[in-house]
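Take a look at the structure below.
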Amino acid sequence: MSVRVGVLGATGAVGQRLIQLIDPHPEFELAAMTASESSAGKTYREAAKWRVDAPIPDGVAEMEVGATTPDDVPDDVDLIFSSLPSGVGAEVEPDFCRAGYVVSSNSSNGRMDEDVPLVVPEVNADHVDLLEVQRDGRGWDGALLKNPNCSTITMVPPLAALDGAFDLTDVRVSTLQAVSGAGYDGVTSMEIIDNAIPHIGGEEQKMESESRKLLGSFDGAEVELHGMDVAASCNRIATLDGHLENVWADTEEEVTVEAAEDAMAEVTGIDLPSSPEQLIKVFEEPDRPQPRLDRNVEDGMGVGVGGFRETTDGVQFNCLAHNTMRGAAGASVLNGELLNQRGYL
Amino acid sequence: MSVRVGVLGATGAVGQRLIQLIDPHPEFELAAMTASESSAGKTYREAAKWRVDAPIPDGVAEMEVGATTPDDVPDDVDLIFSSLPSGVGAEVEPDFCRAGYVVSSNSSNGRMDEDVPLVVPEVNADHVDLLEVQRDGRGWDGALLKNPNCSTITMVPPLAALDGAFDLTDVRVSTLQAVSGAGYDGVTSMEIIDNAIPHIGGEEQKMESESRKLLGSFDGAEVELHGMDVAASCNRIATLDGHLENVWADTEEEVTVEAAEDAMAEVTGIDLPSSPEQLIKVFEEPDRPQPRLDRNVEDGMGVGVGGFRETTDGVQFNCLAHNTMRGAAGASVLNGELLNQRGYL
Amino acid sequence: MSVRVGVLGATGAVGQRLIQLIDPHPEFELAAMTASESSAGKTYREAAKWRVDAPIPDGVAEMEVGATTPDDVPDDVDLIFSSLPSGVGAEVEPDFCRAGYVVSSNSSNGRMDEDVPLVVPEVNADHVDLLEVQRDGRGWDGALLKNPNCSTITMVPPLAALDGAFDLTDVRVSTLQAVSGAGYDGVTSMEIIDNAIPHIGGEEQKMESESRKLLGSFDGAEVELHGMDVAASCNRIATLDGHLENVWADTEEEVTVEAAEDAMAEVTGIDLPSSPEQLIKVFEEPDRPQPRLDRNVEDGMGVGVGGFRETTDGVQFNCLAHNTMRGAAGASVLNGELLNQRGYL
Amino acid sequence: MSVRVGVLGATGAVGQRLIQLIDPHPEFELAAMTASESSAGKTYREAAKWRVDAPIPDGVAEMEVGATTPDDVPDDVDLIFSSLPSGVGAEVEPDFCRAGYVVSSNSSNGRMDEDVPLVVPEVNADHVDLLEVQRDGRGWDGALLKNPNCSTITMVPPLAALDGAFDLTDVRVSTLQAVSGAGYDGVTSMEIIDNAIPHIGGEEQKMESESRKLLGSFDGAEVELHGMDVAASCNRIATLDGHLENVWADTEEEVTVEAAEDAMAEVTGIDLPSSPEQLIKVFEEPDRPQPRLDRNVEDGMGVGVGGFRETTDGVQFNCLAHNTMRGAAGASVLNGELLNQRGYL
């Protein structure tokens, strides 16, 4: 029995990746797509400036795109994936939840709301039950689950492994982020050729707060943020896909390079279709992971780490994940699988 | 009265910048150039694959290039600029010093030797007098002065300003370095298009040790390294020139964004021809400095800073300098001017 | 006595170059700037996302930007430079001409109109007198003069030299055009990193028609198009500035590589401030001219040529010019100087 | 029954693609690899700086690499793929042929030799029987078959389709070639970032002669070159893979856009494992094919065409192929399959 799914914001950079992931998905069946008012009524082929380097899946190209309102989505859709600009998301996602839809959202609005679970299934799947608090409080038949920002997702699995074994106290992270993270029109060529931009609006704050929520503890009623101190510095560079990050992790317990690598290499995926067998790939070559060579580890759902060095207070390392797969579309799909597994649909 | 100068390694990326700087220099006159054995005897035009976006200076193109030995440099040369691979530098620089030449070197060999001054004139000009210790100890008529690594130079002026006002305790720095820092053939196009490389061999160690020597104190006999803890993470990206760095500076004294900016903005250049009027340009726009737009601040001899944020233990900011000008050729020329001013020629 | 000038579309990529050229200009004084409705009333610093790698000229940053209507431009402005989207240009340029302003326009609208001179001063300065026909016919006090498209300008000076000596019959040209030619937001980073786009809307047609008008003959009443057959193929690549073009020029008379090079090397600039001493620089190195190394020849107002080979029917070669200088802003300024010299202001 | 194959030059850019293609190949089994003297004796993992964005195939990483001489290749190897620098190829390929090996070579040496077949199986498979003339003449037990240069392969299938239907008279072609075509170290980052190079040594001559041999006729004794006039202009741009070409094809018979597209769309692959079902994919979008989006058409073995326009004497269009797959490694493998099918092993 397939789950009938809809995609809000289906024509954008993440939306196209969602379409690519849902088409062959063993549990999901694409039943509705929406985009901005100006695209409504067009076929997907007309509405989307398709930029993935594989063709539009058969059957999808001629599907009609609706407007982004509950009225344009059939009632028998069980699960909604949302990848909207945050302003639009803040406005329409509650409408969908009120109308009874369960929404797995990649949009940044509401991620830090107290009754909205922010989940990376391999890290904090238990937080999903915050949805019960949410339904009680908001009186929704539907539900709203969020995945974190792409740059946050990249570092959280390795940080979770370190935290479990050595207790994190301070994290410093510097990012080298790909242009696809800003959407198709987000970075112009004149801005980035022979250049780098040491600022991505709001990104540092997202990394600093979302990581503490993901590593926080849920007691059945609320999520207590992790007490670690996180400071981020975010940069845009001329790569297409794959966020690379330099991390300094200070720990309570003493940590060696070998112990840190072991803690990460041990992390397995979980029992969901999109979760990879090995979540974190540890590279021994000092110059890896690299965006172009390693962003497709585990079909873009793995996280690569390398370049470990001991520091006075902990360990430093590099991590990399595919920002529109593990960091966005794949993250939402994985959360959708979790919602299905846990009976929230 | 011009100082007659020679350039060792004149055909490389930094060598070409040296030629470009010396040609119009008010104090220096180019009298000799050397390169590898295979280039010796050729004209500079033949030997150098000239890649600067301005023509080879008149008069230089037809000068003959010698081999890199004291025998191939006229006796009346007063000052040698050296930009050799470190292995070659380690071998031949002492020969030149022994033969009586004063060498201002950009090569990385010997920078941390106890009797070799490592100098950025605006930061620690007083260290130059370590040369007297050096001459006493080694029995040289000549002398060997070093400038630091390009990635170190970029962050040291702003760090010196902070240290003077607030006392540094810990520094974390992540770099986004331009390909020219590796020389003309150092990074292939297949390595860097749509990619970044999170490793530059030995660079992190250089930043961690050289910065402590530059900010160390010289008591007339030896340099005591600064006690701060420095940890670096170095990345190569697809920019031509200009190293961009994200810095977290923890301080003993409390520091605000405004106080940090003020401390940096106050730093003036010093009384040497290549020292800019204002050493550090503070950008108010949060997305500056950027490599392509800001690497030529003060003709490539300034340092740009921006993106200040307060952290729990200090301040974070970004800095940028032109790696082959302020970070290499210009640094050596500035040190040559200092040697001249202080009577070491 | 300075000529007071205004700039329509002052905040765009070409507009910023116009500001950069007018500021130090010996004959012109900036008296007015306009932009879109949403920018009107702002200072230039606020309105323009300045992207030139030199600061906004002093005095200009705090000037107020007006809306693009004759009402927002003072009456005592003698000359208008226009760099508007063609749709806007088609609408407002006639308003300015009717109101008595003389307009030197880079906008593509109306270039092939029979009574509009299309001029590159070093090639067909005599066509400027078509303005008398224009004024008679349209009853304007003002006047409208156009420079051609950036990709056309790049090839026309060398083609004119060949045509003068050997009579052109057929031209095939393939272009590798820089992203700045599309304006600041014209090409997204996701479109061009690790990519090339073999299509620029309308560009091929512009090159094919405009080149024949520029090399056409003016008899005092009308311009007869040159009879040569021109076919263009236009590509966008990941360069910031500088259009590179591969040209096959078939000629009536026999032509050798040496004769072709000589014909081009002989072309001098003309007696206008922005015209370079030597218009065409002939490179002997087979791999030159290159965009990054050679786009600034003669301060961006020269044209580089190289790579000559004899073909069965003529000669093939490469040419390069800075597309926003010689190819746009500089072209308009040069035409403004011509209008001033010839007494049209 | 697998064919045991060896690869000469296995560590280079094309060599790595050969390994990638042979590993899962239904007919071939990798039995030997050679590289330069300095790599001999190392494992493949040690010897190759692997740069393909998929891991080294299992089993290959630990195989030992030999020197490039017949002595280092087992006797029971049936087929040799060669991708050597042309100087090396000219020296050692005859040694292998003399020793009885059949060599499918991508190296440029000897391609125009009268008794060496130059073959793209879908275009001129019949030329393979020139090998009988070769064996007679040279007294070899082995044999030497060549595939053309990557830039030639890209345009020849569409040209063959046009020639079959409309008879080609003149061809002008301008290329935008990827950096991988020059090998891993062939183009430095400093040469190509924000730049293009309008010259690739010898490339124009290869395209001009090889295309006439491929479209020439073989009468059982010799190949008569096609009489068309071909002139090429070759450029290197900042793409990783995929050569894009602008072609003007003048024809004897009249040709329309539709007829040209139909002639190309009709071309099917042939009965060999690596030949795609449809050889030429015709794009209707005017801005396609593009390197990044379309180089993987038919797993990199297809050719994309688009942008058709009628010209005075024929038609112009763009074509694209993956230069290290269809243009090099895949071309050699395909020729190996042909040799196997025709009984030459």
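As written, the chains take the letters A, B, C and D, and residue 1 is the first residue of each chain.
Here is the rule we use: a residue touches a chain if its C-beta (ideal position, glycine included) is under 8 Å from a C-beta of that chain, and two chains touch if they have at least 3 such contacts.
Fair warning: this is a prediction, and the values are worked out from it, not measured in the lab.
A.B. asks: Tell me which chain's centre, taken as the mean of its C-alpha atoms, is farthest from subunit C.
C.D. replies: Comparing chain centres, A lies farthest from subunit C.
A.B. asks: Counting C-beta pairs in contact, which chain pair has more, C-D or A-D?
C.D. replies: Result: the pair with more contacts is C-D.
A.B. asks: Calculate how many whole Å lie between the centre of subunit A and the centre of subunit C, each centre taken as the average of the chain's C-alpha atoms.
C.D. replies: About 47 Å, centre to centre.
A.B. asks: Starting from the mean Cα coordinates of subunit A and subunit D, work out the distance between those two points in Å.
C.D. replies: 41
A.B. asks: Enumerate the residues of subunit D that touch no fewer than two other chains.
C.D. replies: Each of 51, 193-194, 238-240, 292-293 in subunit D touches at least two other chains.
A.B. asks: Enumerate the contact residues on subunit D facing subunit A in the complex.
C.D. replies: That would be residues 51, 53-54, 193-194, 240, 292-294, 296 of subunit D.
A.B. asks: Write out the stretch or stretches of subunit A touching subunit B in their complex.
C.D. replies: 172, 174, 176, 193-199, 201, 204, 229, 231, 233, 235, 237-240, 244, 246, 248, 286-293, 306-307, 309, 311-312, 316, 318
A.B. asks: In their shared complex, at which residues does subunit D touch subunit B?
C.D. replies: Touching subunit B from subunit D are residues 13, 51, 179-180, 184-194, 238-240.
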